[in-house]
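Two complexes, one shared chain (subunit A), two partners (subunit B, subunit C).
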Partner chain A sequence: MTNSFNVTLAYIITHIGLIFFIYPTDVIESTSQSHWMPVVTAFIFHLVIVFTYLKGLSYFEGRNLVMIMTNRHPLLAWLTLLPVLLYLLDVIILMVRANAEIISIVCLANTPLWMLMLLMLLIPGYMVIRGNVKSLLRLALLISFLFALPCLFVISASFQNIDWRYVLPLIPRREAFNYLAHPSFYKSLFAFTGVFLLLGYFPSFAKVKMKSIFLGGLVLLPMYLISVYVPILTLGEETALQLQYPYIFAVDTLEIDWLMFDRVTVFLLMSLIAFGLLFIGFTIWQIMYTIKYSFKKWNSTLIVLIVLLIVYTVCLCIPDWQLVDQFLQWNTFLRIYISIVTPSIIFVLGLIHHSKVNRELNSI
Partner chain B sequence: MKPILVAAALSLLLLTGCWDNKDINHRALPIAMGIGYKNGDYTVYLDIPKVSASEKGIEVYSEHGKSINEAIDLISMNLESQVDLLHLKVIVVDKPFALHGLEEGIASIIRSRYIAPKTVFVICDQPLDRFFKRIDDSSNDGKSIYDFFQKDAGWSPQIAFTQVWKIFRSVHSYTNDVVLPIIKAGDTTILESTGSAIMKNGVMVGRLTNEQTLLYNVFNGDNLMGKIEVMNHATVQIVSNRLRCRGRFQQGKPILKSTLYLKVIIVDTTGNPSTEKIKTELKILVTDRFNEIFKIVRRDKADIFGLGQHFRDDFSRKELSQWREKYLPQLQIELDVKTVVRNTGNLKSP
Partner chain C sequence: MFTLDAVKVHFSTNPDFVLSRIHIGDEVISVTGLKSLINFPQSVHLLREPLLALEPFTVQKLVEMGQELPASSDRIIDEILNGMLIAVHDATDVCISIIPVPQSLSRSISNPLTENNVRGSSSAFNEDIDTNLGLLRKHVNSSELQINHYSCGSMTKNTVTLCFLNQSIDPNLLHSITQLLESGANSDLSTLKDLSKLFKFPLLTLVSSYLVSELPQTASRALKDGKVVIFIERLPFAIILPSLISDMFMTEDDLNHPMIYSVLLRSLRVIGALMTLMAPGLYVAIVSVNPDVLRFELAHTIAISRLDVPYPAIIEALLLLLILELIMEAIIRLPSSIGPTVTMVGGIVLGEAVVQAKLVSSLLIIVLAAVTIANATVVGFQNSYLIRLLKYLLLFLSALFGVTGLLAGIVIICAYLSSLTTLGVPYLQLKQPKGE
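Let's look at the complex of A and B:
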């Protein structure tokens, strides 16, 4: 059994890999004031679904999502696992395409996109083929050891140019609640729903402690707030709204009088990409595991290669950023489905299982 | 097992991240860029230091174009190496461009990402061709314009210091404007500061003198070791400055209560003024000079101090968007200056 510490670490850094690029853009688009509200709302939503999910799983003691579902009625299994599969596939496609675009914009302007995307797929693919989930969890520890420090350094340095008064007004006015009707808010939920499914795959391999996951969540909340508020405090809402990647731009404005840190953005980007690669690795593994143990027992290497091929082909077929954005928007329904329906099903099944076990115990 | 190892080894070669890379000896790395504007036509000057061991000095290239990027492209085309603006440190624009408005120029800089957002922006008081000719002629290593604006080199507190991203913020923000330094080629020195320009939404609307710019920097909280002359009796050096502001509304009019805390060292005295006298004289001087600047701010409706920031809580978004036009001209400021004379130098206080 792998340590629950590694699980929490993986939970934290895979989220961080998701937060800093597109998430602030969506939140800043979704409202013009009191930006902490959409962040906190989505965060509470995240905590609720994680709680429901983990609570449901805890009734099954050491069995994971796929094991639970394969013993059920086929229709129920399909209703749960197929959307999950589709969603995970979708997540990888978006993640690979978006990250490649960001690398190309920030540092490797001459490198063709197909090469970057190949890189973003081959490394995680290799991680999954060579090792199982336990080695991925150990990798989480290694990657945090290597990249957490530069990442934290840049994040703390990003406060250099802020003007605290931009934070006002903190107390929301009535129109501040409009974000609930804004599509960008639902788009921004991707940063909260991308990883939590993973926790359901762990129980048969590693200990998942609800308490330590919530502690990890406490680390994440400041990250979400920083990614949104640093650009706003540096530039103001009206200016931050103009930018494609507000946080990256805010980091670009930093001045550190040491030649090595002339372009400190690159440090941040490298750390975030490393976290992102781990995230893609985990997601590929989830897909592989689901297919292998619920549909057909193919060779895992074969499944991974097929998944990589599909993802790569779709990524190549996306010509522009507009379509990526559209994808993220269409994805909303699937996202809401898996973030509400999947945890609820697990929770209900868990309750039923629990009462059945209790009855059996009582009858003895 | 084996094929995977081979694949991994191959990917080391393929995935190095270097693609169509140009070596550093095939790149031209300009230190400063000049942008002139005339009837929709841009002229771009690039100040590129010579890098070979035998020759020193700089080379200035220029080209016209319908856009800034087109002009840069033309220079790059005619140059034997590729122009790489990544390490550009200073952008000099001429006055016609500043008066026309920098909005589009700034937007294209931010969009293209070729130029870092922390590049310093400067306005030139004379035609750029003459300015760059003077820099070209003066036998130096071409870094003078860079050093002039380096905070750890030749920068002095009478000179405004504004980066590209701040102008970008000023173009879009409701409550923040900037000032840009104005320079020209000097008589004895290579460069000479002639004050600074007030930029409202990226358009030059007024000017400040060097002394006013010093006070502007003090108010903006830049920690500086600037000198201020106090009337006729003493010269003091400001060693620390802090500004506290509190905005409120009275009968629908914005009022800002500000207190400026100064710590000074006495550098020079004439006659035998008491410390108290120096303090009151400093207070009068600072207040007078501030009122002068503030009068300009109200006239130009350009919020270079970011005063609207103190009223963010009192306005809705819509009202805030009218801050510059509607509320700034009505703003009353009550300024109080509190001074501490930290020491009187090597001599005892008179």
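Let's look at the complex of A and C:
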């Protein structure tokens, strides 16, 4: 059993890999004041679904999502696992496309996108084919050891040019709640729903402690806030709204005299991409595991290769960023479905299972 | 007498075979052995003295001096080849094997040759397996220390010794190792390659699954950490299984320093390894793909130093790296009297001439010199091979993708390291091999 520290670490860094690129754009779009409100609302939503999900799983003691589902009625299993599978596939496509896009913008303007996307897919594919989930968890530890420092350094340095007056007004006015009706808010939820499913795959391989996951969540909350507030405080809300990657741009304005490097953005970007690669690796593994143990027992390498091929083909078919954005919008429904229905099903099944076990124990 | 005749025929062409008879009163005892392995006069003396002193002679007394053997010529030949003295009582055909005074065929305990240590004990393992076991026992004075002997090989026999501490070893790990060693009774086991084959370690691995060490202190620490130590006759080092990533950065020697220094030393080794891996790649990435990462003044300086260099940065780096690798390899082979010449020529070639001829930029020389030095900071020779090789992966990826390629390379290396396991024990952990 891998210990829960690795799991928490993986939970934290995969989230960090998701947060800093598109998430601030969506939040800034969703409201024009008190940006902390959509962030905190979504965060609380995240905590609730994670709690429901983990509570449900804890009734099954050491069995993971797929194991629980394969013993149920096929319709229920299909209703749970198929959307999960589709959603994960969708997440990989978006991640690969977005990462390739941002690398291309920040440091490799001349390299064709297809090459970058191939790189973004082959490395996670290699991780999954060579190892298993335990080696991915070890990898999480190694990667955070190597990249946490530059990442934290740049994040803390990003406060250099801020103007605190932009924080105001902190107290929301009545119309501040309008974000709940704005589609961008639901788009921004992807940064909260991308990883939590992974926790359901761990119980049979590693210890998942709810307490340490919530502690990890506490580390994440400032990250969410920083990713939204640093661009707003540096550039002002109106300017930040115009940018595709506001946080990255805000970091680009940094000037650190004593460093021999001019663009510290690159270090942040590299760390985030490393975390993102790990996230893609985990997601490919989830897909592989789900297919292997619930649908068809193919060779895992074969499944991974097929998944990579599908993702790569879809990625190649996306011509521009508009479509990616639309993609993100379209899968809002799927996102809401897996983040509400899946944890609820697990929770209800867990309760039923728990009471059944209790009844059996009492009858003895 | 019949069995001994067969032995005599078997060894008839061997000039070092000795068969002599000693007389104790009326009894005749035939004594035989190989004088290349046994100090014959002394051994015979040691055998005869007590027998003469204890008149009258009985067969029982003879048997008590050694280990009785069945009267089969094959068994006797085996014992003779193992360097034992064989005594046969002619009248009764009772045959015993006695531990003789051996010829001294091993060097005495000396300083380690490939590993230096600053504060630990300086005695090193040598070719004699019993000396090695003795050294280990001195370091681990414990009733828990268990030592198993295995005799491997069908054509040539070789002794393999497995040592472990009962209390600290993981039973699953021990079980799989003993089973593999027992299954190898018929395969020759005299090199590390044979051992890897026996343990079914992958052939194309970059990281060796075992750690090789000359130092008894390292072996004893490994035992206490729950690893096993294997000795093979005539190999002057201990083979420690399984190896972990900490073997690359930690030595037992560190623990003899104050804690702050040992922590700093270890971090220095980590930095050294990272620098070796990344510096050449970073140079190529920054010069050829991402010059915007650097401060303008610095980028300008580098650009000026490369102004006359006629080829891309990757070729430049590869050329110089090749020369460096050649020098490193040549210095191992050359006798110590010529070694300094090579160093001198290498120094002049690398330091002055290449830059003046405008074949490479002076910055690259600084980078590669730093890399070569940093390469030596990791513990263990085979570990330095690992990072020496992996830096080329980063170099090529950097030439293709710039800083992104460097990152990709690091992630690939991390993924590779984290997927490694030896006999079920993951490579990527610091202390005790506990299994997954």
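FYI, the second predicted complex is superposed on the first by the 362 of 364 C-alpha atoms of A that agree within 3 Å, B and C clash if a C-alpha of one lies under 4 Å from a C-alpha of the other, contacts with A are read in each partner's own complex, and residues count from 1 in each chain.
In this text, a residue touches a chain if its C-beta (ideal position, glycine included) is under 8 Å from a C-beta of that chain, and two chains touch if they have at least 3 such contacts.
Keep in mind that what you see is a predicted model, and the values were worked out from it rather than measured.
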Worksheet item: After superposition on the shared chain, which partner residues are touched by A:L119: those of subunit B (first), subunit C (second), both, or neither?
Response: both
Discussion item. Just to be sure I read the superposition right, which of the two partners does A:L277 touch: subunit B = first, subunit C = second, or both, or neither?
Written reply: second
Practice prompt. Return first, second, both or neither, reflecting whether A:E255 touches subunit B, subunit C, both chains, or no partner chain.
Written response: first
Item to complete: Scan A:L142 for contacts with subunit B and subunit C and give back first, second, both or neither.
Response: second
Worksheet item: Now for A:T111: first (subunit B), second (subunit C), both, or neither, which partner does it touch?
Response: both
Discussion item. One more residue to check, A:W321. First (subunit B), second (subunit C), both or neither?
Written reply: neither
Practice prompt. Based on the superposed arrangement, let me know which partner A:V266 touches: subunit B (first), subunit C (second), both, or neither?
Written response: second
Practice prompt. May I ask you to decide whether A:R130 touches subunit B, subunit C, both, or neither, giving the answer as first, second, both or neither?
Written response: both
Practice prompt. With the two complexes superposed on chain A, say which partner A:G236 touches: subunit B (first), subunit C (second), both, or neither.
Written response: first
Discussion item. Need the overlap of the two footprints on subunit A, from subunit B and from subunit C, as residue ranges.
Written reply: 108, 111, 115, 119, 126, 130, 262-263
Item to complete: Report the residues of subunit B in contact with subunit A in the complex, numbered from low to high.
Response: 4, 8, 11, 14-15, 17, 19-21, 87, 110, 113, 116-118, 152, 163, 165, 168-169, 171-176, 306, 309-310, 312-313, 316-317
Item to complete: Quick one: which bits of subunit A touch subunit C in the complex? Just the residue numbers, please.
Response: 1-2, 103, 107-108, 111, 115-116, 119, 123, 126-127, 130-131, 134-136, 138-139, 141-143, 146, 259-263, 266, 270, 273-274, 277-278, 281
Worksheet entry | Touch list for subunit C against partner subunit A, complex | 274, 289-290, 292-296, 298-299, 401-404, 406-408, 410-412, 414-419, 426, 428-429, 436
Discussion item. Quick check on the complex: what are the subunit A residues that touch subunit B?
Written reply: 32-33, 105-106, 108-112, 115, 118-119, 122, 126, 129-130, 163, 165-166, 168-169, 173, 235-236, 238-239, 241-243, 249, 252-255, 257, 262-263
